[in-house]
Amino acid sequence: MRILMINPNTSVLMTERMAESASHSLAPDVDLVAMTAPHGMPYISSRAEALIAGATTLEMIAAHQDGMDAVVIAAFGDPGLVAAREQFDLPITAMAEAAMHTACMLGHRFAIVTFTQVMTAWYEDAVALAGLQARCTGVRVPDVGFRSIDHVQGELEEALIELCCRAVTDDKADTIILAGAPLTGFAAKVADRVPVPLIDPLDAAVGQAALLARLRTRPARAGRFARPPSKLATGLPPALGAWIEHRT
Amino acid sequence: MRILMINPNTSVLMTERMAESASHSLAPDVDLVAMTAPHGMPYISSRAEALIAGATTLEMIAAHQDGMDAVVIAAFGDPGLVAAREQFDLPITAMAEAAMHTACMLGHRFAIVTFTQVMTAWYEDAVALAGLQARCTGVRVPDVGFRSIDHVQGELEEALIELCCRAVTDDKADTIILAGAPLTGFAAKVADRVPVPLIDPLDAAVGQAALLARLRTRPARAGRFARPPSKLATGLPPALGAWIEHRT
Amino acid sequence: MRILMINPNTSVLMTERMAESASHSLAPDVDLVAMTAPHGMPYISSRAEALIAGATTLEMIAAHQDGMDAVVIAAFGDPGLVAAREQFDLPITAMAEAAMHTACMLGHRFAIVTFTQVMTAWYEDAVALAGLQARCTGVRVPDVGFRSIDHVQGELEEALIELCCRAVTDDKADTIILAGAPLTGFAAKVADRVPVPLIDPLDAAVGQAALLARLRTRPARAGRFARPPSKLATGLPPALGAWIEHRT
Amino acid sequence: MRILMINPNTSVLMTERMAESASHSLAPDVDLVAMTAPHGMPYISSRAEALIAGATTLEMIAAHQDGMDAVVIAAFGDPGLVAAREQFDLPITAMAEAAMHTACMLGHRFAIVTFTQVMTAWYEDAVALAGLQARCTGVRVPDVGFRSIDHVQGELEEALIELCCRAVTDDKADTIILAGAPLTGFAAKVADRVPVPLIDPLDAAVGQAALLARLRTRPARAGRFARPPSKLATGLPPALGAWIEHRT
Amino acid sequence: MRILMINPNTSVLMTERMAESASHSLAPDVDLVAMTAPHGMPYISSRAEALIAGATTLEMIAAHQDGMDAVVIAAFGDPGLVAAREQFDLPITAMAEAAMHTACMLGHRFAIVTFTQVMTAWYEDAVALAGLQARCTGVRVPDVGFRSIDHVQGELEEALIELCCRAVTDDKADTIILAGAPLTGFAAKVADRVPVPLIDPLDAAVGQAALLARLRTRPARAGRFARPPSKLATGLPPALGAWIEHRT
Amino acid sequence: MRILMINPNTSVLMTERMAESASHSLAPDVDLVAMTAPHGMPYISSRAEALIAGATTLEMIAAHQDGMDAVVIAAFGDPGLVAAREQFDLPITAMAEAAMHTACMLGHRFAIVTFTQVMTAWYEDAVALAGLQARCTGVRVPDVGFRSIDHVQGELEEALIELCCRAVTDDKADTIILAGAPLTGFAAKVADRVPVPLIDPLDAAVGQAALLARLRTRPARAGRFARPPSKLATGLPPALGAWIEHRT
């Protein structure tokens, strides 16, 4: 089984780290193929950036879907997820949605803990889109800042663990989602120091993509998720234009 | 007062019709400046197309916002609305959101009547985004098709009026929103044949943009709608890249 | 365009102040006609008082609607709004509802800041009636009291500004509604000291009334907002009794 | 135990019928004292009429509360209920609210069946006010009309029974509330012909008033339901004005 | 009228105390028959224990329903309530549900105050089951522990009163439910020290059971609460097996 | 990886069929161990039966959890799921919950199609428990009956396919869950005849159990899903009593 992992941001280093981290919880028959966005921002921290990255996600899936069994959008906040699920015929998961549904099977209410305030609006939108507000205790962010997004796990380790513990005692969270691509792998590292299950969103998204592929459900041919009819498209990236115009 | 009207689709004919239609309900001190998308699709009928058009909307606002008092996104479904409101400092309205909030002040529950099934998923998303599901009786669509999107008002006139009447009697709608840019101007034409107020979304969006400009509220400098910090951006359209990188 | 502004309370001073404040954001073609309640309480601070004032509002509209294009109920909490909208044929807005829908087009979540605890139950009811609970971060009130309702803006200026700032940082409000007729005009005065848009409910209500009048929608002749059939009415104020009995 | 039953409408015949009907399910130690509105409409069929009747309800409770253990507002739709509960110190129930909460203890979802379309908006508001929308399958009304409100039970008997049965089979209602004062007593008459429990709202309201009186809870002295501070009141009915000004 | 009070726990002492406490607010024509669970736990503090106690409740009703007019499940959290209401033909109430619906007729929002953290998950489930989340300000628990569940009222008296007062001032609760069978009778004892009505859940449940019996509604013969068809049952307690197999 | 599959009903034939059906979508490293309930009913069709089966589920997990990596409760409606997840330390999934969360990653709204009306109340409860009502288009049931639960797939094949198609066209379902253990394996058989993805709940539940086991999250030691403290338990099945009393 081949799963396409799309990093809708431009950081190759982040793509490599994520691919490495995800490899630890794969079933034995799953191969992961990782891709980095050819343009855009090194990471997303606003909904405008998410919108732009969403369009890039469509472009990347159009270009690389051949021979794949499923797609993972490797950014928390899920840029382009619904649009991609509507346009393309293979199963597609993304980090926020997959983490939330996975969390719902380990407890009743999940908290989202992340590393910077600028992400929270975007993450709250993801909770609302899934209709899971009643199961989310909220998004918690440390009061302290950090110097480098590449070392944020180390810099904020104590602050994040303390936040997780407060999400349990104060917010009554049953599980905790460690949100944001830069926290990939952090859950495994600190699991012993937080008294409830920690969800790694990338592990969840890759696991759910594999599960969906394994179910071998057919693509929709009617309704909200059937591929739209062909449409004239001007000035789009070639693979995406071709897919929208039904030339591929 | 100058209001920028953005058509995120590529049809110049549609832009001209909308500008003409909107001119009838402007206050005496309002000028409307209309723009058509330089690339994309002639009209939107899927969420993938809406996502692409949303990115184009950001690009167009970045390029044309100077000297404007407010912006109207002239597509029902509101591509790019939240992202644009977050990125830019002037008031921004869009057709679905403005029509719904306007309808809420003329009755308790509104129906959305449109001309083609392919739009409904996108429109339902707009209702949910506004948190107004409890005030919406649903989206109604004729059973019959049409030949040309340019003449859809004439072709479907009887079918649409009948749908409006059924939305009142069967769904208990208090007002009706005639959704989709191709229905611009239709409300005024058929008002006498439907027993409740009909909302023209473009009139509502332009009116609300003028109202917001008149209130002279200040732009957000904190929270979810403050302009995000500057960010490195690679390969974006020039005006948008410059705005995101805070070079303008 | 002529708009009837109804103060459902008995304070003529308040009526005059409100009319003056509203005059600053009118479109050039709008005239405002202000009326004060002939009986009742000098201001409303309970739902029983609101109920009584609501009946007075009906009485005043019945007496003064001739020649008007729209009505504004100039009390936050909107006494009699739904009943009036149902009974009468011209557009009717009120301060709480108009402020909330306007706020929803400037940000996602609004806070309501007011000057006394006794109002909060009534204001929360208005949020619920509009179905906008999910977009409201709550009603905030200063801990400190005040001596005179006529000078409450000056007495509580610092306390109210601090509350607004806390609504932004603690409650994540995107905009703030300054609620209660005695705060009319306060938003413009302190806009520079709060980092998000401030909504003046009277400006919003008058602006929305003008917008609805400009749309020239027809009155409902079916459904929840059609004028009810004539009904025998005993012992009511003359103009209201005549309207309910369809004698006018 | 003495319970004051207030008919906020002007029909003495209706008051007498209701008092007689309610007498059949009283506990042995309960006396019912019935009063008819001195002005207003013979029955309520709009929210404007409900608003006016609500103010009359306050006036009647102010005038007749002495020596009573509880009050029942004997109109479905509950005119003045929340305002009265806030102003006065004894337990107060009303027909819609009491019927709904009672129904919730006999099944999960209740239907409301009534005899005329004009009531439905008002009844839906009562469901929403109680926050019980998720437990209500909707308001059903016969397609056929009736000649006299005094004989509506006989005229519509078959139509109402059929509606009840359809509420069970089509809407999956577990219980049915027979709404509107003119249907008082109908539930007992037709119970054998509908396969789920039928709720008589007046029986429920009187029963709940007796139950609340029996619990002997203290009146609120803080929060939303504490009696408001004294307030200057001009031109109100004497007993109500005196109560609001704390002269009684 | 005979009401069967079921204690689904094994503590005979608790059953006796509850029967004694409930006797104070009975109507003159009501007899209470109390039963204690023959197996299980002395009290419930988890949902697994509630599930087991729920099955025991079914068993006890099957064994003791003959000659009864109604049943009260005398545990807050209502083990087995919905299942019992579905299986059996007489009215059945339980402490959490009855307390909540009763509270809703004394104010708008209720708080739940209890004595130990371990109960809260179960109590929140009961609020959600009733669909009353919007009317509940939350479950509050003292920070301090207690030595003996038999003397918890005395040990925690001051802490519980302080919690009640904070539920009023901080959470804006209009009424307070004192939850958990061990707090039976506490409301009457401390009513003077809390400024809003206190609900004793057992009094509410017994009162509501008597009210339902007095209404003499018929049992459901269709829908979700009709007695299920007979079913082969292996290895169940005799009376319950006989009832499920329709042998009684 | 070893997964314990619990059939909480007494039919060994059903257990065998389910184990065989689930074997087709297992990852290569997963072993399934199937168990049948030692007492109870051959299948569940009421909430009372579900309650009894839930207690049996606890008993079976207590007896057979040693050496397992995860548990699947193999009944749609999920008897005992929340209680089991709270009591035991290994991941536990069940058919309704797993099917719903899986469906949410293949489309926005799912329908539930099942074979008999008696199940629907129980299934709706499962949707509500998950908080996914807004994503469920409803439960659909054929109008026609069937002779044998063992051959229901064959008897109702055409009726069920037609229901699925109507769920797509009329209810706008994006995916369909084929609910009820007797429909296990049906999705794969008829996938080509329904134009949207069909979810087999057992495949989903087993897949999700394997996914959770693969994530290796730690069991909760705090909050709603931590194992409760030891409790005296009288007259329970031995393994369950021992687990509750912390003797194992």
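Think of it as A, B, C, D, E and F in the order they're written, each chain with its own count starting at 1.
Everything that follows uses one rule, which is that contacts are C-beta pairs under 8 Å (C-beta built on N, C-alpha and C of every residue); 3 or more make two chains touch, one makes a residue touch a chain.
Every value quoted in this text rests on a predicted model; they were computed, and no experiment measured them.
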Option in C-D, A-F or A-B whose residue-number contact pairs overlap D-E by over half: A-F
Label of the chain whose CA centroid is most distant from the centroid of chain D: A
Euclidean distance of C-alpha centroids - chain A vs chain D, Å: 52
Centre distance in Å when chain E and chain F are each reduced to the mean of their C-alpha atoms: 29
Residues within chain A bordering two or more other chains: 82, 108, 121, 134, 172, 224
Complex contacts: residues of chain C adjacent to chain B: 25, 27-29, 82, 85, 91, 93, 97-98, 101-102, 104-109, 130-132, 134-135, 168-169, 172-175, 187-188, 191-192, 195-200, 203-204, 207-208, 210-212, 214-226
Chain C partner contacts - residues on chain D that touch it in the complex: 10, 38-42, 45-52, 54-55, 58, 80, 82-84, 86-87, 118, 120-121, 125, 128, 224, 228-229, 231-236, 244
